[in-house]
Structures are given as structure tokens and as C-alpha cells.
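In the two complexes below, subunit A is the common chain; its partner is subunit B in one and subunit C in the other.
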Partner chain A sequence: MLSMHRRIAIGLTAAGVATSLLAGCSSSGSTSSAGASAQATASGPVKLTYWSWAPNMDQVVALWNKSHPNIQVTVEKQASGDDLLTKVITAAKAGGAPDLVQAEYQALPTLVSNNVLADISKQDGSASSKFAAGIWKQVTLGSNAVYAIPQDSGPLMFFYRKDLFAKYGLTVPTTWDQFAADAAKLQKEDSTKKLTTFSSNDAGLFAGLAQQAGASWWTSSGDTWKVAINDAATQKVAGFWGNLVKNGSIDNQPMYTPAWNKALNDGTQLAWVSAVWAPGVLSGSAPATKGKWAMAALPQWTAGANVTGSWGGSSTAVTNNSKHQDAAAQFALWLNTDPTAVAALVKDASDYPAASDAQSGGALATAPDFFSNQPDFYTTAAKIAATTAPAAWGPNVNVAYSAFKDAFGKAAQNKSDFGAALNTMDQTTLADMQKQGFKVAG
Partner chain B sequence: MATAAPPPRRRTFRPAPFGFLAPAIVLFALTFALPIGYAGYLSFRKIHISGLGLGAGARSEGWAGLSNYTSALSDSELLNGTLRVLVYGGMLVPIMLGLALLFALLLDADKVRLRAFSRIAIFLPYAIPGVVASLLWGFLYLPATSPGYFLLGKLGMSGPQLLSGNGMYVALANIAVWGGTGFNMVVIYTSLRSIPAEIYEAARIDGASELQIALRIKIPMVLPSLVLTFFFSLIATLQVFSEPTTLRPLTNGISSTWSPLMKVYHDAFTQGDIYSASATSVVIAAVTLAISFGFLKLVGSRAYGEQQ
Partner chain C sequence: MTQDATGVSAPASVSALPARLRRIGWAPTVGLLAGAVYCLIPVVWVLIAATKSTAQLFSTFTLFPGSGLLSNLHDLSAYRNGEFWTWMLNSAFYAGVGALLSAAVSGISGYALAKYRFAGRNAIFNTLLAGVLMPPVVLAIPQYLLMAKAGLADSYWSVLLPSILSPYGIYLARIYAAGSIPDSLLEASRIDGASEWRTFRSVALPMMAPGLVTVFLFQFVAIWNNFLLPFIMLGDDSKFPVTVGLFTLLKQGAQAPSAYTLVVTGSLISVLPLIVLFLSLQRYWRLDLLSGAVKS
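Now for the complex of A and B:
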């Protein structure tokens, strides 16, 4: 309503808006000259462009440019993973995708399905030994091809206010049953406090929790996909959180809101199920609580088990549009496995590296500043990271995630059945695949 | 019957008018006609997938016939979204235009102090972009961060839940009223100022009170402006996008397809289905045009006709 006359102008061109946005995307892209291939010729160094949203990526890339005068990489900063996905697919259609692109693991099947990513198994196939098997599987999609080099990962952990857990006599939960008992006990001790919240605005966390429980949302056999978002494991997870929301022992409001920041900062919420990158978020959202938090392994479904899921994490991929795929693959491998590069990724880009060797020592020898009270933060994190369950992504994760937000948002709001919301999410995803023309079994 | 045909006039080609028109025609074609035409083209296309849909050649674009349109029209979310914005508009438009008219009449009254200041103060929210206004109000709606809820809490009362259920309509309409009243007030006020003073003089001589002048003279004479502002508000209502999109991350109460334009955005940029989104855009544009012209035809001749 504020920009009424502008809206009208927009409105009359409603149909045109989408396409002009698309047109805008395709202008920038590979600036590669027509020089033959990876080896620099008399025409000058090979020039590559790299789309990434990681902070300070240009500083990391500057190290490469210094030591590789024949292959010069330019970083073009992007807003976020979600935005990048649509943008790079559109740019690839127009033939203007960059040589290299940062891609979240769950986006890889979508990108491969749109024929954006090049198979770099010839160049980088031997890199598999440097990564945990579960992570490597995500960049091969279970095939012989290699579509990206893992960059960072986000193993799930349990973050809690150590001081307040002591104050209310809560035990650090090792099982989800204990977690529920803690939530109920806290309600009895102080009804204004909540252990945590169930947030419907980031499906990545829910996907990670389902992954821990053993879910495989997308699988394929032959040329048929199978969607199993409402499998038994995920139903267990949804039912568990649904009960906690229903009986009021945890909050139902979304995270990453001003209200959520305040609840963490003033101790209204005592814990957060999150990933290894949580210290960065907490230091921004709850600066007053520095040094009061501790990190532990994620609660387990069966006592004594040792498994976690992951939330987020991304890879570096080479596009089919690139005229210098060998050079680009060489850079992708360097960025994510070379000790200097990985150390810079950790320090400047705040990444938790995916490469196994990089997860201990080096830049990760000292705990993050916000967790200076837990000096073995990264040693513990590396042990937890090694227990990450494999993830199974399909070609329309974006649709499933969006369906999660809508269905679980409604269920959390009304404190209604999470199982029904999960079925909606499953059916929406299945229907979208059928509509797109995939061969799919429910 | 037979009238002599006029003698054929010699037509000489004059390039000058076309030269002057060229920039406008080129800009219109490039920035308006071409994108709309392309969206129309896309709305009849679709993707065909073979096998698992992975790798080269797995996707090909082909003709879809009317299938994008049938699925757009049979999608209950589009209808529900339209109903939601109509409820929203049903609250917003009367309140906003009522306030705009009231403020315009008050500013137009003879004995007003601080006229220029008041006019700017009421108009100012319009200068604030919708996204910023929504963020600002979003903070005020969240009980944990809102000073209003804090004060109510001190008084032992609890405020209404504005970010869930039906409170959502109030929350969204309030943002739009706050931002839009000033603009509409200026439109109505401008038209009030153009009424000749003799008419008021005549009315006063006839013994009309200020209230009677307002009701019997001013309002009928600014009717065309009211029609215009109503028309603008109606279109803006059907196309509401930035306010619910900005409030969405703060609450569970707004779905990603809350309004019709949000559905278009969702289809195109979340689902990656530019073809369905184009078809839905075309449907929305057609409905908006139909409603607009229908409305103008209905009231236009009456409102504008009275003046002549």
C-alpha cells in the first residue's frame, strides 16, 4: 500500500516482472576468454568467476591468485544459498553461468537435474579419501560422477546454557526422552522459561533431525524416484516435537526473529539444537550470554547410540558453461583440501571444513571466542562430525522445504497434529515430482 | 444514398513524427510489451523430464497447451489467496479512505493551525518503503520486543495476538493504513482546494453550517478523487506482496502463498517453475484488468458524469 502508484505500474506488468528479473540474471557470468584450456597460453592467464555467499571469500581466493598466476579467480558475492540456486539455474539456461559456484548439498540434485554442473570425476575423483564417506556420497549422488568438492559441513549438536541448566537442576540430555523430561521439568520450575522452540522457518534443521533418526527422504532405483518423507523415522521425529509443542513444554514460535534473539539473550530459552556454526549465530543474537553456553552431542533415540544429522553445509561445483573446467576443478580441489586454503576458510569465511584432516588442529585448535569456556570445542565437534548419518537428497528439495514451512508453520501455530503436517509435506513433494514428469513411487 | 467519395488525398510520408515517437515506442516495446509477450509465451510451455532427470538431456522444454492455465485456475491456493486479500482489502480500504477523507476535510477547514506541518506529518509514512515499514511494525507486533506489550504487561493486561489467526489481517491492514492514508489524503485534499470559494460563500449565505458544507458540498465535489483513490487501493490490495512477505519470517501465521502475487513468486523462485508462475501472472493480470475496468464502468460514468 505504501508504494501505491509504483505497485500499479508493477501490477500492470505483473506478467512481465518475472521475466525481466530473469533477463537481469543472465548478463553477468563467465568472462573466460577464448583461450584454449587450462594451460595458460600467450593470450594471458585463464580467468574464472566464482559465485559464493561465504563472507570474505575474496580473501581466501586472493591466496590462490597469488600462487597461481596462470589461473586467476574472481569472486562474485551472492546473497545466500536459496537465492543462488534459482539464479544459477537461470544463468546456465542463458549460457552465462559462472565457472564455479558454491552449492548447498541439498541443492546438488536440483542443479544436476537442470544440467548446470559438470562431472569432474576425471579431474578430482581421487579426492574422495579426504572426506567422510557420508559427505562424499552427497556430491556424487550415489553415482560414479563427481559433481562438486565438499566445502563445509554442519553436524548437529546440542547447545545449552550451562549456568541455567545448573540453576534448574536439569541434566544435559543424552537421549530425546531426557530432552522431553528436561523440557517438562523446566516448566514446573519456572513456567515463563522454555527449553527451546520448534521453528518452522528453516526446514534444514528438521531434515537433519530426520537424518539422525535414519530417514531417507529420496531414493532412486533404475529410473524411478521414491519419495519417503513420511517414513517411520521422520514420523517419530515429527511426533516427538509435535507432542512437546502440544503440551506447551517448548515454544512454537520461529527462530531468527527479534523475539527469538531476545529469548536467547535474556535466558527465556535455555537451549538450541543447532549445528557447529551456532557460536557465530549466538554471538550475534545473544551477545550478553558469552561464556555461559556449552556444547554437547545431540540427544539420541536409543541410549548409547552415537549418531547425528547435519544442517547446512555446502560444496564447490564446476559448471557445464565453464570453458576451463580443468582449471576450475583444480581450484575447487585446492580451495577445499589445501591446508593453507582450508585454514583461511576457517579463519576468514567462518567455515567448518568438510575435509576430515582439517577438522582438528590448525585453525581449529582453539575454541570459538564465544565458547572460550569450552576449550575442547572443536575436538568434541570433530568427534561428533564423524558420526554424521548420510543424507539422501532429491531433485525438488526446494519444494519439500517450502512445504515444510507452510505445513509445520500452521501445525505449530495451532498446536495440531505434526503427523498430518508431515503427510502434507510428503504429498506436496510427490505431487510436484509427478507434475514435473519424474517417474516416481510414493 | 450515394454520396460522392472524397477525392483521394495525396499522402506524403513524413518521418518526423515517427522520429519523435521512436524513443517511446522502443522503450515501450523493450520494457513492457516484450516481457509481457515473453511471459505469455512461457505460460504455454513446460518441462519434460526423462529418466531420473539427472544430467545432460534429462530436461527438455516443450509446448504445454493450456495445462498451466487449467492447473492455475484449479489450484485452491490461488482462490484462497484471493479471498484472503479480499478480507484484508475489506478492512483496509474503507478505513484508509475514511481517514484520508477525514484528514483532508479537517485540513481544508478554515480555522486550522499548523496546516503545513500536519499535512507533512500525515503524509510522511508514505515516504517510508513498505519493507521498512513492515519490519518496523513487525517489531511492534512481537510481544517480546514491543514496548506496547511491555506497558500493557506492566498494567497487568495482555495484548492481542496480532501475528496469528485473524489478528494477522489487522496487523497487515494497519501497516497499509499507516502508510497509505497520507497519499490518499493528499489526492483528496488537492481536489478540495480546487473547489471555487464562491460555492462556499453561497452556501453560507444560504445558512449552511460547516458540517453541512462538508457533507453536502465538499464530499460530492471530490467524488471523482474518491473514486480514483478507491480504484488505486483496490488494485494495490489485489497485488499486496511486500508487507506479508516481510512479516512472514516473524510468524507461523503467513504461508508462502498467502496472497496471489506471493504464490507467483513462490512458484517461480522457490519451486523453480517459471511456466506455472507465468500462467498465474497472466490470470492475475487479466482478473485485475477486468475488475478495474468493470469498476470504472460501473461508477466512472456516474461520478464523473455529475460534474459535466
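Now for the complex of A and C:
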């Protein structure tokens, strides 16, 4: 993915050359926007396009189309990730962005600073009561505007192999100290097994763990930003995982690879620090282990505390390109708060809903199939979700994340100092913000 | 596939050599075999992995075939009412029509550059050479901005048009026309009273055919495998080619697992047309060797 960003960057710098090469192909036309929205007429129904990556989103939207004949929404399924962010920003610059986009919370400041998203506080501002304050803050960026409606959330939890924990006599850790003790004990019992791995590919998880420890990577006052990726809380988290990697008590290979799937499947790895959506991933990556897992709250830094971070989660946003922002805002609100819609999101799109009411009962009354041995899965999950620490995102999270991949990738491979990697990440992010022209304090 | 082509012809040429030259050079043979294994292992992996069910994919021995091929094919076809086959048809359309038009444009341009003398010929050719050196990915975003200005973004044209003009194809056609069409033949045609167009169509074009088949194949593979251009250009997933389509299956967000079995099976199917195409057009390449022997 990194290489693609580089290519895109090269592409932008080469724009001048290309313009001259292709001058013959361009026709002098009026600025137009792709997508159905532009073609809507006063007489026919309003047509909206919606870029989303969630599986079966078209089925959820079909419910809306059935009950709202005057506003017809078409889902155009996209691949999730930073590449989509680039695509949306490029399309918006050319006036061709769809009416609605699914956007991860950490992408919102980037989209807002690129002027992609419309402020829908007039239409949907009253929806704030339906969401936890920490989640709502992510879509307002701490301002009076509303840039998106929260869709799903990913509170962090601890997933472990119940059978193997019993076999090796490990206790389910309630603190990170116990977690480290478990990792060391497992090494003594069976050196071929690892408690878990530190994945330098998944900056989102690291961000969530830092969030739990109380980190606040980006803060802003007025138009001045402050970057504090190497604050004391994050240093504590980086040092903790760095030590585990260094003394070999956990693995240092990335997640979401065939090798990782195999390790989960055959029990080489016994636990996974992940989010509420983990059952879906496990059922795809480690189908052989169905019914052998259990979920518990994330280990804490101080015994008796009750805080978690989040990993992933996304929102539904309306773009500035949209010619029908009122209709789009109405749809976004319906999709994420209407009981029928949210039930369909949970059932068909495997979302863990962001709306507080939807986190218990309804479609979440029974545990996910993969965790049928833990019937109160979602009751426990809702309790944990309520303890989520607020997240603070900045306008260049993608840069910070790719700096994380580079710096921590090397550090994990060489089992070297994670603190130095964290400083690199901080400096790279800070330098990029200054280069982009943001006012940065300190 | 090019390795296969040379691999097939190599033994034939070796056997034509005198016996004393037929000693096997062990170092190059081992080197080539290692290269072949290096290239073929991923193909074999895809082939075997496509036969595994979700439960088998990461839990059974890598090179041991599974039992899920039919259900994988069924699931892939069933995915969103056969969306995969729409993507395959789109890819076939982009690559087939794009490569055909590209071969036509390259043929005419290459012929003109090789056989006519006109002002600015070298300037055009040098510009083209610069175009050959520029990777097409660099152009994707500027091309998108242009297409959006022309109101063509997110249409079939937005992927097709940029694929037609291939500097490398024109370059190849020019070299090929210069090498394979004797000037005396064109003069004879003109003396017989053929128009320039007739000369090109009836005399030059048949002689350029092997070169143009090469251009067609190159372009077909390039468009078929292209990712960034359609990724940037298209928003509507029913217009996606198979490369971009499979990517959406792989990245469905954190809460849904990647549909690995579908992607692996889809990748396997998406390679088949390329293999068929190469095998069926290979004989035109052999013709290539003979046509080089025209005396002028």
C-alpha cells in the first residue's frame, strides 16, 4: 500500500507532463460530476450514490429504497483502507465524489481538512443523544459542526483460547503485568507457543492501546495543532510491547497474513488483543478453532481500572460535492439510528453498531456463532464499550500510520528499541504537518 | 508465459546442433531451472489453494490439494448475483477492445514513423521514447482529473481511452516496420499504381502482422492486469475490471474477514484467459522468425 501512495505522489508531481502529453484527448467541457446525483431531475426521485466497503450494504440500503421512493440510494462497493481515502479526496477535487462515503473515524480530520465533507449539523445535529459522548466527539472533531454520523465502533477486548489457557495453567490477565507474566510462563511451558504477536502492520491497534493508556496524539486549540505521539502514555505502551518482543515472549510477525492465520488455527498463538469484531475475523482466519475462544475485558494498566481503547469503526459522511445534501443527511441518519436499519447492519454487514441503544438486545441478543460457548458475549461487550476512552485524531493519521509501519516494522524485526521508533513516528508526523502548512505548536 | 515459449523452442534448437556442442551446460541449466521454479511456485500455489475450502486453506499442508474447488466456484459465482462474472466481462471488454485499438493505432503510427520522412518525425519519435520510459501508473491521477473535466470519469471510456495510446506499442511497431518491410516493396507497389492506403493495407500490414500480434498481446496483458487506472477512474462497482473487483473482496473493512478463498479462486480464473490467449497466438510468434528472413 505504501508503494501505491508513493506512486500516487509521483503521479501528482507528473501532472504537468501528462497534461501536455494528453492535451489532444481533453475536451473543453463544463465541469461535471460523475455519479447519478448530477442527473437527478426535479420531477424524478433524488438519486444518491454511496461508497461503502461493508459486505451486504446493498441489502441494507434496499430497505431504505423500498420505504423512501423519492430518495433512491445506490451502493457502489469499494475496498476499504487508506487507498480509498486517496480515491475519495482525488474524486472530490475533480467534483466527482459520491453523495455519501463510509469513512473511518481517524480519516475524518483528513477529509475535513481537504474540504471533502459537508457540515450536516443543521440536518442531523440532534442525533448526538443517540451516541456515547466519546464516539460523537470523533465526528464533530470537537467543534460545533457535524461531519458524519457514527456507524460502527470497535472497542478493544482480550480474546484467548480457553482450552489452551487451561492446559498451560495461564490466568486470564486483568492487568498488563499479568499479561507479560502469562507470556513468560507460556514460554517456559512450551517454547514453540506464543501468547500473541506484535504486529507492525496494524497501527490502528497500537493507536487503540495508546488511547487506553490515556494518550492524546493530536490536540488542537483554535487553528493550532499539537502533535504528541511520543507522550508519556504512548511511551509506556511502546516500551511494554518492545520488551515483550525483545525477550522473545511474544512473536514479532504481522497479523492478517497466511502465516498468522495458520498460527491461530493450529494454536501456536493463544490470544489476540482485538476489537469486538474479532469473531468475524476469527471465523474466516481460524475456522478450526470454533467454540474454543473466550472474550474478556482488555488488561488494565492499574489494577481495578476500567478503560479500553478502540480499533476501527467508521461513520457515514455527506460530501460537499453532493447536490442533495439534505436527502443524503436524512439517509445517513436513518442508516445508523433507525432500529430496522441498525438491525440489518448488525445482521447483514456484521457491524457492531455505534448507536448506544443498538448495542444490547435486538440483533445482538445472542452471541456470535463463533462464540456460542459464551452466551453473554454482547452483554459483556456493551459494558466494555461504555468504558471506551475518547480518541483524538489529526489531519494526517495516514502519514502517522505509515510511519508506524516503517519504524516499528524495523524495530520489531530487529527487536530493537521501540522508544526510538516512536520518536521517529512522532517526528515524521510533525514534519509532514508543517510541510502541509498546518500551524503546529511546540 | 514468455519463459514457456522459449522453453519449448530451446530443446529443438539444441538437437539441431552437432553432437559435440550438445553437452549440457550445467550451470546455466540449473540457473534456468531455479528461475522456472521461482516463477512457477506461486502459480502452483494459486492452483492448489483454489481447491481448498475456507477451513482447509490455512490449516492443511500448502501443496496438498483440498476438496473445495467446486464449492469455491459456486460461492464465487453466487457472490452478489454473479458480480464476479460481470468483472470478468468488463476485463475482457477493456483488454480486448483496448488492445485491438491499441494495435491498430500502433500499426499505423509505427508504419508512418518508419516509412515516411516528414518534418518533426524525430521530435515525435523522441517524445514517444520519453513516453516509453514513463511508467503508466504515474499518469493515472492526471488522467483521472482530465477525464473528470471531460465528464467521462466513472465511465467505460475512462478506462478504455487511456489504454489505446501505447508509446511502447508504437515504438515496437516502428522498429518492426523498419526491419521487416523492404522499401523496394513499397516502391514496387506505388509504381503499380496502388494508393498509399492500399499499399499500407495490402502490402505492409500483412508483413507487420507478427509485430502487431506482439503489441496486441502486450497491451492485452497490460490492460488486463492494470489496477491503479481503473481503481482511480471507476466508482461504480459494476464497471470494475476483475483486478479492482477482487480487491474489494479482500478489503471489506475490519469487521468482516477477507474472502480469501473467493479471491484465490477468482485469481486463478482471471489468469486462464491470458494463458489461453498466449497459447492460441503463439504460432504467430513463430511466424516472426520466418518473416525476418525476407531479403531486400
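For this structure, a couple of remarks:
Operating definition for what follows: the second predicted complex is superposed on the first by the 398 of 442 C-alpha atoms of A that agree within 3 Å, B and C clash if a C-alpha of one lies under 4 Å from a C-alpha of the other, contacts with A are read in each partner's own complex, and residues count from 1 in each chain.
The rule is simple: contacts are C-beta pairs under 8 Å (C-beta built on N, C-alpha and C of every residue); 3 or more make two chains touch, one makes a residue touch a chain.
Everything quoted here is computed from the prediction, not taken from an experiment.
Once the two complexes are laid over each other on the shared chain, residue contacts for A:91 go to subunit C alone; subunit B is not touched.
In the superposition on chain A, A:426 contacts neither subunit B nor subunit C. When both complexes are overlaid on chain A, the residue A:51 reaches subunit C alone and has no touch with subunit B.
Judged by the touch definition given at the top, the superposed model places A:99 against neither subunit B nor subunit C.
In the superposition on chain A, A:348 makes contact with neither subunit B nor subunit C. With both structures placed on the common chain, the touch criterion links A:405 to subunit B but leaves subunit C unconnected.
Using the contact criterion defined above for the overlaid structures, shared-chain residue A:262 touches subunit B and also reaches subunit C. Common to the subunit B and subunit C contact sets on subunit A are residues 4, 7-8, 10-12, 14-15, 17-19, 22, 256, 258, 262. Partner subunit A is touched in their complex by these residues of subunit C: 54-55, 57-59, 80, 127, 131, 134, 137-146, 148-151, 153-155, 161, 228, 231-232, 235-237, 244, 247-248, 250-260. Residues 4, 7-8, 10-12, 14-15, 17-19, 21-22, 25-27, 29-32, 34-35, 49, 51, 53-55, 58, 76-81, 83, 87, 90-91, 93-96, 98, 152, 154, 204, 256, 258, 261-262, 265-266, 275, 277, 280-281, 283-288, 311-312, 314, 349-352 of subunit A are the ones that touch subunit C when the two sit in their complex. Against subunit A, the residues of subunit B that register as touching in their complex are 31-32, 35-36, 38-40, 42, 47-49, 51-59, 71, 92, 96, 125-126, 128-130, 133, 138-139, 142-145, 164-165, 175-177, 179-180, 183, 232-233, 235-240, 243, 249-253, 255-257, 261, 264, 266, 268-274, 277-278, 281-282, 284-285, 288. Residues of subunit A that touch subunit B in their complex: 1-5, 7-8, 10-20, 22-23, 85-86, 89, 109-110, 112-115, 119, 141, 143, 145, 200-201, 220, 223-225, 252-254, 256-259, 262-263, 268, 320, 395-396, 398-399, 402, 405-406, 409-410, 412-413, 432, 435-439.
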